[in-house]
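Here come two complexes built around subunit A, the first alongside subunit B, the second alongside subunit C.
Coming up: the complex of A and B.
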């Protein structure tokens, strides 16, 4: 593999230093964490930075911590870290269920959760899951730190609320008692990008979060479906009712990976199978995390 | 009448010691330890130069100008190359291909220019600086529009192209070859048939996806000697095509040397010559310096060979008792921009498009059609996988229509020894019915399976297959064999170890005759200077053909051994035999002469002089009974195929009725190997071929945009199965009806194992839901959407 484009490389040791470097190269620098997207884009000439800023020498960005019901995930936490973390498996095993569907072991060892939402492709696996929680994205920029709700993070196709001179330091997520599922349509059982995905989190009191991936320019939450589910017993009739709403909630496209019609159909199937599983997991029953529902 | 075989090989099976056993692979330690060397592993030192290729962004265009000025001045650049440097044509069966594009480009990705630089990166950077101006022309992207009356001509000079005598190009059309078969009276047979089914099936293009990409290192030394290290299935054919194409530069065959170390997968993609000619040609411009050209995964997809797509129009007539009376099979092949190899795929399919059935009235038309897509070429199965999809789908549909069980229907029509083939010759011995019966038993055909999953349906499918090696009538194999001081053996051949176990099987054949254990036999990968001729490692023919050459060499060596013993001890040759690496004598049970005592140094006579000396031998095989001459209008009169290998595949599937996802819970595959020289390796071919075939039906699919650009030249969007995607269980079944002219009765099985995988899934899907999918691939999406449509319709 050859990267034809020539660029400079810097490896700051503090977040402050990193943001200063970025501020000094407006529009021409890229941040490197796991590199699983960036290196592929460089090779394909899809991006052409003059400077690559490697943040892997900055301490503390690997942290996975729990404080009460607040989970802290540093911006260098990889998908493998999520799979292997006892804190994650105790407090938010849905993150590990999602992480296990990402690419292959080698990629998961490098690719970061935060990098996934920074690339912000429509099929990013982290999106529909993080939208199921009260998630906050914490950033640092030339003017200091800033926090933003995950619901305001995804701005458009590969576009986020993060400015070019800002770096995400970590995420915080509220993880009270809950049950969740991540269901992902793939073309085979090997590693694949989501053709469509559903993230569902069930909270006590018949409260649900429902989000979809790869069926709109960004991962999207369906508050209409959440409203329809609120405070009602989850029975077959209610499930059928919300499944019937799916087609109006998403805006999938036809591409070589799948047709819009198939994506819609499978979103319905995933919601139909995912809702009872999320609910049962909340109740401590249901299929073990990691069980594939389609 | 049956075919007579002039060379009857040794087939005395009762006494076999090595043949028929699962000898350990002789390349196993090399590969497991990492000792095995591939082209990219070879160290050529700091003088190694690197090449990069400039490719056409258009499917069809006229080259107006090429400006190389900036590239020539770029850092590290040694030489820039364009079509002007090499205005020569080449090709395997038809000379329709240029080394670099001349006045036109005919597919997206075609090589227009090249850069040789001191580093790979510098070559890639400089290649981006070459400016090519094109006049874009309207491309032809599907075979049906390319044969329309007013279609543009992709090769206006087709009539002038040199080609093998069994091709029939149609001047002033895009038809590069039209294989016709006319046998009996199909019109009458269809009129008299109780039931006729006619339909169209489509199969897209596929990629080989070998782990190792194509790579060459080429060096023209200061004595004008051109050596090319290639990842290849065809060292001698490559040497021949390099020497022919570069003959205007003064090269002769003796000046060209091809060295092929281990290969990381071929599947047909490394047969013949594709990108290798670029490396070989470019090296001639930088005398004394080796040049490496290694394709990227993307180039691997769009500028080596692709499996051709086909539109198959099939009409079959049957009687109510299930007898097939007529087949009319029209195959419109999307052969791509250059068909120098692919046209023979078309030919092979046309000869055999009835499938493994006895059919008295046949009309086959197999058309090789130029399109502005990448060149089609050889791919495991060589046209047979493509037409079997429609044919074996059709067989199930006919059986259902006349109320017959599909297994019974196939048994009734199964081709058997002596049956007349489409071109008038007769079928070789084979175990078609045994294969069907064993597969039906293995999957418990007729027994319904249960599942606890409310979302899924269990079903079964069955499909048969056949295939003959597709090769020139005089394709040959040769071998050299020499003993060493300790009685061990070196054998040189020029077939390629592609992972199938070829080297091991050659050792087993020699071992069987000479009683030298396989562990004491080294069989090396080819170097055309030292190893004897082999046409190519394709067509599932090397076990048979190269095996016969090794068998003959071993027999010759044995004769020389006996001759020495005779000279010294006076025993008659007929009384001598080999046992445990020693010569024994039936008339003198006390006599034992170990091979290691004399196979180099000879035997001392009573007078003190010596007899014998190094035992060396050679063997060659050419199928002298074949003949590619036939009537162009009927295909009758020749004997183009040496023999057919037959078999049957069955599956038990579980399919999700909502998502369409298919799990193959069990698969059984029976293939008539004639004799399995190494049953473990045959089983490996069964599992591997089946998985590759299942991938083409369930996952893989080359997708092009409306401008002819390949949209998925990568594993992100071209899916080949992982370990998670293989069947839960595969039952490999070896049928052994000996091939009279095969080494110990063996015939090839390598390609056959993938041929019926596509229709067997289509049949299982139909049996699950009553939904017939007539275009490949049969993806989960296609199944789910068909079911959704059916449910709402």
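Coming up: the complex of A and C.
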């Protein structure tokens, strides 16, 4: 099976050049990074651009840097880069824990973290984790640079706040002392998407972030559960209380990977197991990052 | 579009359309047949190649993307005779039909290059996403572990 529709291909070497090219093709160009979603969608005729703009020749987009407690991740950082980065393993090992659950090595070597949130499918693994931090998405467009909060990024099914003539240059994330977990249910390792997923980040002072994946049109954060957890000791009673809130916080569907009822139940289980693990990791006593909780 | 790529050490000047997928160009224009056409959506692993030393799914790469890069397929690995890893795949009877074999050899080669002493879990992780419908995977994992013990690359 071949890609049915022909398109043009350009490989700019600066972000400015890339944005100029995009501005000249309103609504008809697609940005290509790792291509693990885009090429599959081209093959499926799910997208049919006139122009594909490959950003892989632009330097500096591979950077993983730490400045104080701010982590900088360039838009070409792959999931394998996250797994292999000493900076990530020291300051935000949760990113590596998440990356290890993404498809296979052959996909992770190519697929980028930023591409994952740009594709914005409901099951995107980066979503529930990035929502656990103060994450900012930095873009460049014809009118210059623009930054938006990750909470305003996901606007609908496969829809983001990034306009068609904008390119994400990098993410910044606040990574103070914290403990996190990413719990993902899938049918088998190596290729499956999430049937349901939970990302939890625990901060000092009994402060938590809780987000879910694959149970709504976009990855979703539950501020109601976060409010219920705030400033209280994390005991069995409190965990039971927030687990009982899960069903009202998510809107899963039945599909080939799982039923809505199963997704709801498993989110409850993942939250029940994930909360104490995140808290223990904050305290330095939890299971090693990468340990599967489900 | 014209571009240049090195395949198993040999330089190729290719003329391909932007919509041409790397897997098809490798098989049809360059004549390298070890990357197989399987699921064509990145799930089965059979089209795996090494691109600048890292495994990628050639069914999800546009040919024009690899301009100036270096590709190794199993033909290149075995250029000067079988590698120790390949010998151990044979002696462990690790493959039957062989459709998945080139991709698994490349995936294991990438693993042993970066991690000469993998655990069983490391091997399983590295090979995950390479589907084999014959063996049940056990002899494949055993072969890779044996290669690691023997200091193979």
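Note that in this section the second predicted complex is superposed on the first by the 291 of 294 C-alpha atoms of A that agree within 3 Å, B and C clash if a C-alpha of one lies under 4 Å from a C-alpha of the other, contacts with A are read in each partner's own complex, and residues count from 1 in each chain.
Note that contacts are C-beta pairs under 8 Å (C-beta built on N, C-alpha and C of every residue); 3 or more make two chains touch, one makes a residue touch a chain.
It should be emphasised that the depicted structure is a prediction, and the values quoted were computed from it without experimental measurement.
*Asks:* Which partner does A:35 contact after superposing on A: first (subunit B), second (subunit C), both, neither?
*Replies:* Second partner only, subunit C.
*Asks:* Which partner, subunit B or subunit C, touches the larger number of subunit A residues?
*Replies:* Larger number of subunit A residues touched: C.
*Asks:* Could you tell me if A:294 is touching subunit B, subunit C, both of them or neither one (first, second, both, neither)?
*Replies:* First partner only.
*Asks:* Where does A:2 make contact in the superposed view: on subunit B (first), on subunit C (second), on both, or on neither?
*Replies:* both
*Asks:* One more residue to check, A:177. First (subunit B), second (subunit C), both or neither?
*Replies:* neither
*Asks:* For A:265 in the superposed arrangement: first (subunit B), second (subunit C), both or neither?
*Replies:* In the superposition, A:265 touches subunit B alone.
*Asks:* Per the contact definition in the header, classify A:52: touching subunit B only (first), subunit C only (second), both, or neither.
*Replies:* second
*Asks:* Is A:157 contacted by the first partner subunit B, the second partner subunit C, both or neither?
*Replies:* After superposing on A, A:157 lies clear of both subunit B and subunit C.
*Asks:* Where does A:191 make contact in the superposed view: on subunit B (first), on subunit C (second), on both, or on neither?
*Replies:* A:191 contacts both subunit B and subunit C.
*Asks:* From the superposed pair, tell me which subunit A residues show up as contacts to subunit B and also as contacts to subunit C.
*Replies:* Looking at subunit A, the two contact sets intersect at 1-3, 189-191.
*Asks:* In their shared complex, at which residues does subunit A touch subunit C?
*Replies:* Listed in rising order, the residues are 1-3, 5-9, 11, 32, 35-36, 39-40, 42-43, 52, 54, 56, 80, 100, 103-107, 109-110, 189-191.
*Asks:* Which residues of subunit B touch subunit A in the complex?
*Replies:* Residue list for subunit B touching subunit A: 120-121, 124-125, 128, 296, 455, 656, 658-659, 661, 698-699, 703, 711-712, 716-717, 719, 721-722, 724-725, 779-781, 784-785, 788.
*Asks:* Which of the residues in subunit C come into contact with subunit A in the complex?
*Replies:* Against subunit A, the touching part of subunit C is residues 1, 17-21, 24, 40-45, 48, 54-57, 59-62, 64-65, 67, 107, 110-111, 124-126, 128-130.
*Asks:* In the complex, go through subunit A and note every residue touching subunit B.
*Replies:* Residues of subunit A touching subunit B: 1-4, 185, 187-193, 256-259, 261-262, 265-266, 269, 273, 294.
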